[in-house]
Amino acid sequence: GSQESAPAAGGQASGEGGKKDFTYAMSGVYKPFSFKENGQLTGFDVEIGQALAEKMGMNAVPITNPFETIIPGLDAKKYDAVIGSLTVTPERQKAVLFTNPYYRSGSQIFVQEGNTSIKSKEDLKGKKIGVVKASNYLDWAKKLTDEDKITQYDSDITALLDLPTGRLDAVITDQVVGLRFIKEGGGKVIDVGEPLSFDEQAIAVRLGDQEAVERINKALDEIVKDGTYEKISQKWFGRNILQKQ
Amino acid sequence: MIEVKQLVKSFGPLTVLKGVTLTVEEKEVVVLLGASGSGKSTLLRCLNFLEFYDSGEIRIGGQQIDPHKTNLNQFRAEVGMVFQHFNLFPHKTVLENVIEAPVHVKGTNAAEAKQLAYELLKKVNMQDKADVYPDMLSGGQKQRVAIARALAMKPKIMLFDEPTSALDPELVGEVLQVMKQLAKEGMTMIVVTHEMGFAREVADRAVFMHDGQILEQGPPREFFENPQHDRTKQFLGSIR
Amino acid sequence: MIIDIFLSSYPLFLKATWLTVQLTAVALMLGCVVGLVIAFFRISDSKVLNYIAHVYITVIRGTPLIVQICILYFGLANMVTLSQFWAGAIALAVHNGAYIAEIFRGAIQSIDRGQMEASRSLGMSYPLAMRRIILPQAFRRAIPSLGNQFIIGLKDSSLVAYVGMQDLWGTGLGEAASNYKQLETYMVVGLYYLVLIMIFSYFVNKLEARLAKGKAPTKPAKDNTSVAA
Amino acid sequence: MIIDIFLSSYPLFLKATWLTVQLTAVALMLGCVVGLVIAFFRISDSKVLNYIAHVYITVIRGTPLIVQICILYFGLANMVTLSQFWAGAIALAVHNGAYIAEIFRGAIQSIDRGQMEASRSLGMSYPLAMRRIILPQAFRRAIPSLGNQFIIGLKDSSLVAYVGMQDLWGTGLGEAASNYKQLETYMVVGLYYLVLIMIFSYFVNKLEARLAKGKAPTKPAKDNTSVAA
Amino acid sequence: MIEVKQLVKSFGPLTVLKGVTLTVEEKEVVVLLGASGSGKSTLLRCLNFLEFYDSGEIRIGGQQIDPHKTNLNQFRAEVGMVFQHFNLFPHKTVLENVIEAPVHVKGTNAAEAKQLAYELLKKVNMQDKADVYPDMLSGGQKQRVAIARALAMKPKIMLFDEPTSALDPELVGEVLQVMKQLAKEGMTMIVVTHEMGFAREVADRAVFMHDGQILEQGPPREFFENPQHDRTKQFLGSIR
């Protein structure tokens, strides 16, 4: 299976070398965790999935799905798992089964360069905040400002790009995503204040699929132990993002 | 050949045929006359079941036709019909128009159908135009092709509904000529027309319809010279 | 710069263009089938079929395509396992089918009644007459509207990007999210659509012209002896 | 259950409906202005204006709306600071403008040339004749097509959800993403659009009927003494 | 009143007026005759600048009209024109049709314009229909309203381009009646018409155009009884 077209999911389809497919979804617009490079879906999430698939003796098939429908897509059996930087939240735990966390990161506030009025989360009251639909950042935004001041996007990158237009005062997103955006010159944006929280990101499978959770957890343990995880993390971030900072 | 008994046909509240009884013998040529709206077209259309009548009966060759039991398509194929507006198939050439029904209704093989078609086109003097599309033809030429098309099904009887009334006057003659020839060859025909010359010369009988009924009929000479009813006189006066 | 993005991304976008073309082609072919069936429902004598067609057309024309796509994408998944491609194609087909149905219905009803009568009087059955006499004429007459609907269908196919398909627009969204150059990337994508549609229009126009030429001049030459009043 | 979702979400969706209605209304009003201007460009004698209008219409009709929305959303931001509402409204107006322009152009050109000639011969200037004589007739004639375009515009407004607007569809997406009941939520959203469009259609039909009634029977009563040939 | 000198007008490659010279005196009624395509309409349309001529000159009341300098709208208002197809404004009532130009071109106040309009409508015998829309009128009624509409601008000269040729025969008379009345009152008029009765009875002069030029002219009696050119004879023969 190629990563361009999603096969009929469910893992039954046999891929290269007679191995079963391990189909896993991500938004694809979440650089550096998942994004396109010369058309190839790549990023941290993709490579973690590949490493896991290898350990499970399966054929890795990463695919993209809009973030706001990534959990329903899982329900609809369009893929076997979500390796899409899903933050573990109590709300989501009602909808999916989470594995052990596969990385930890922070929720961070970003503003336009030169903005002096926002220094911490307390300054966000009444300010226009952009977040991705259905994210835990949306929950943060709801806590910090008025509901009608929130703009919901399909991609964190789009939200960050809407900072310099003046349509937003701040964006809440993953620390790493924002810093990468700044580093690659996506726009005149800076991070402000301490991270709002440290979040655990985990792989999601369908409710009831306990067997898959155990299989993935086992594989995850293996790649952490044998250094594969360390290698991938170092490659993308220059550090190990499984450890608490 | 054809026996029609007490035929009644309504469109909603409007009763168009109010008990029409008519017998047409084999090889007979009947001209149907009547004012606009008197039900001439409706009668013809009932005769090959383009309309279903409400009551009465129709016998063809002694056999009674029950529209709900008989295979109407096969029956329709035996009754040729020629329309005022020709109704040629514009996306097919003249030849294709003529072979369409033999090939696709009767299952005649193409070569045989073509041969028959050429014969018929020759008969209506249209053999030169076999590969032309109807759009390229004059009205008179179209109508002659339409006649050939109907003949291709080898019908036992031909119905003509004002076959010349959509034609420019100078084109009427060529169509009437073909119809005369047909009559001479012994085709059973019912013709709705206002061409009195044709009626006098060719018809065996003239039938006058008024208000959904047959008011009067007789040999053309008698009928035209000595009409019985005032209505008939009035009608003949208006079209002369 | 747009040029840079264009040059660096074209292998990618050409591939995506191919997917868009395939998707649109399949969706529109299915749409034509659906449209034909619904058109027959609408012109049939059966009240039930009529009503079904009416409701179908009203609902499809009364709700946004993106809503339909999302409903069908998730709705179909409850019934059958479909690949993304087929889920997208079917959603688009269901949508386009309603519009194509109206085009077909209009075209069929525009064919002179005399054509059906002549066919029946020659002994053709209703389905045979439809197939051999009415539909060929109706199709020809529908071509301009159909061409127009196909262009709309091609553009509308962009919305399957939002159920995760890597068509032209889906690829554009992904690219923009990694090169951080929204505006330029989107303009490049727009250009691809524009070119596709201009090529398609060109062929539709040619087809129309050829069909128009295939037909004879509207009136046969006639001797018009002018009559002084 | 759909009913549950409907009942629990209607305060939210009614608010979103109101936003959709406002957005559509503003966009279509602007679109009419744009359309009128472009229509005049197209019928003007100036080659330059003609060309501008031609390019505008070709590009807009040749690219997907979602691409246009995204381009304008980010493109406009480089020029002026616009709220999301106005960015969305302007993008939709630019899009609808091209279609409305063609409707107006068709309607204006369908008005008999004699109307302009009569106006000019009475000493009216071209703009005065346009304003008082041609346009009122053209508008009336354009109403059915315009009504149709407005319905399309209403449905199309759903796409601004993808530049972050909390219109009906944007709200639907957000709701579904938090209640995980995609299918049902989307169906509820579809229902809102359907009702909106049915209400709108009702009024357009009424307006058309009233205008048709306002006009006299096509022909004046005339004594037709029938002449026997 | 009007002097036209060597007027030339082409449409692309086709030269329609090939040097027309014509003088019309005040209160004169000139009838313009000629075969279809001879350029009659084009000449009239040049006279109030619905078409721009290529060369030559036009003087009205001694003043030369340069289409690029003169305010043509004001000038057009002084030349009333009546068209074959009436060209009433269908979205306005009869009264509104008549007051439209006085109010919006001249700036006459509405009350005054209405009073004038009622007078004019009375003159053309249409006062009963003031509040009716044009669609409700017969052709003859429409044309009379069109005349009233033109008169409302108080033109110095009236141009009529086949004002009765789109009318059913029985409606021609009522329009000609109005035009005769107008001539009697001393209006300067140029009338393109094939109504010979009108020409003989009302016109001071008949002008015959052929192929973009004036071939012959003279008092109607002389002109009709004793045409000089073969062309003229032929033309008069064909329309009689």
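Letters A, B, C, D and E name the chains as they come in the text, with residue numbers starting at 1 for each one.
One rule holds in what follows: contacts are C-beta pairs under 8 Å (C-beta built on N, C-alpha and C of every residue); 3 or more make two chains touch, one makes a residue touch a chain.
All figures in this text were calculated on a predicted structure; none of them were measured in a lab.
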Report task. Between chain C and chain D, two touching copies, which fits better, same or different residues at the interface, with half of the numbers shared as the threshold? Result -> same
Query - Of all other chains, the one whose Cα centre sits farthest from chain B - result: A
Query raised in the report: Taking each chain's centre as the mean position of its Cα atoms, how many Å separate chain B from chain E?
Result: 54
Report summary line: Here the gap between chain A and chain E, centre to centre from mean Cα coordinates and rounded to Å, is 81
Report task. Between chain B and chain D, tell me the centre distance in angstrom, where each centre is the average of that chain's C-alpha atoms. Result -> 53
Query raised in the report: Using the average of all C-alpha atoms in each chain as its centre, how far is it in Å between chain C and chain D?
Result: 22
Query raised in the report: When you check chain C against every other chain, which residues touch at least two of them?
Result: 70, 74, 78, 162, 182
Report summary line: Residue numbers in chain E touching two or more further chains are none
Report summary line: Each of the following residues of chain A touches two or more other chains, namely 69, 72, 154, 158, 161
Requested in this report: Please give the residue numbers of chain D that touch chain E in the complex, ascending.
Outcome: 112, 114-115, 117-125, 128, 132-133, 136-137, 140, 215-218, 220, 222
Report task. Would you pull the chain C residues touching chain D in the complex into a rising list? Result -> 58-59, 61-68, 70-71, 74-75, 78, 151, 155-156, 158-159, 161-162, 169, 172, 182-183, 186-187, 189-190, 193-194, 197-198
Query raised in the report: In their complex, what parts of chain B are in touch with chain C?
Result: 48, 50, 73-81, 83, 85, 87-91, 100-101, 104-106, 133, 135-138, 146, 149-150, 153, 168
Query raised in the report: Which of the residues in chain D end up touching chain A in this complex?
Result: 74, 77, 81-84, 87, 162-166, 170, 173-174, 176-178, 180, 182
Query raised in the report: Where on chain A does chain C make contact in their complex?
Result: 4-10, 25, 28-31, 35-39, 41, 63-66, 69, 72-73, 76-78, 154-155, 157-158, 161, 181, 184-187
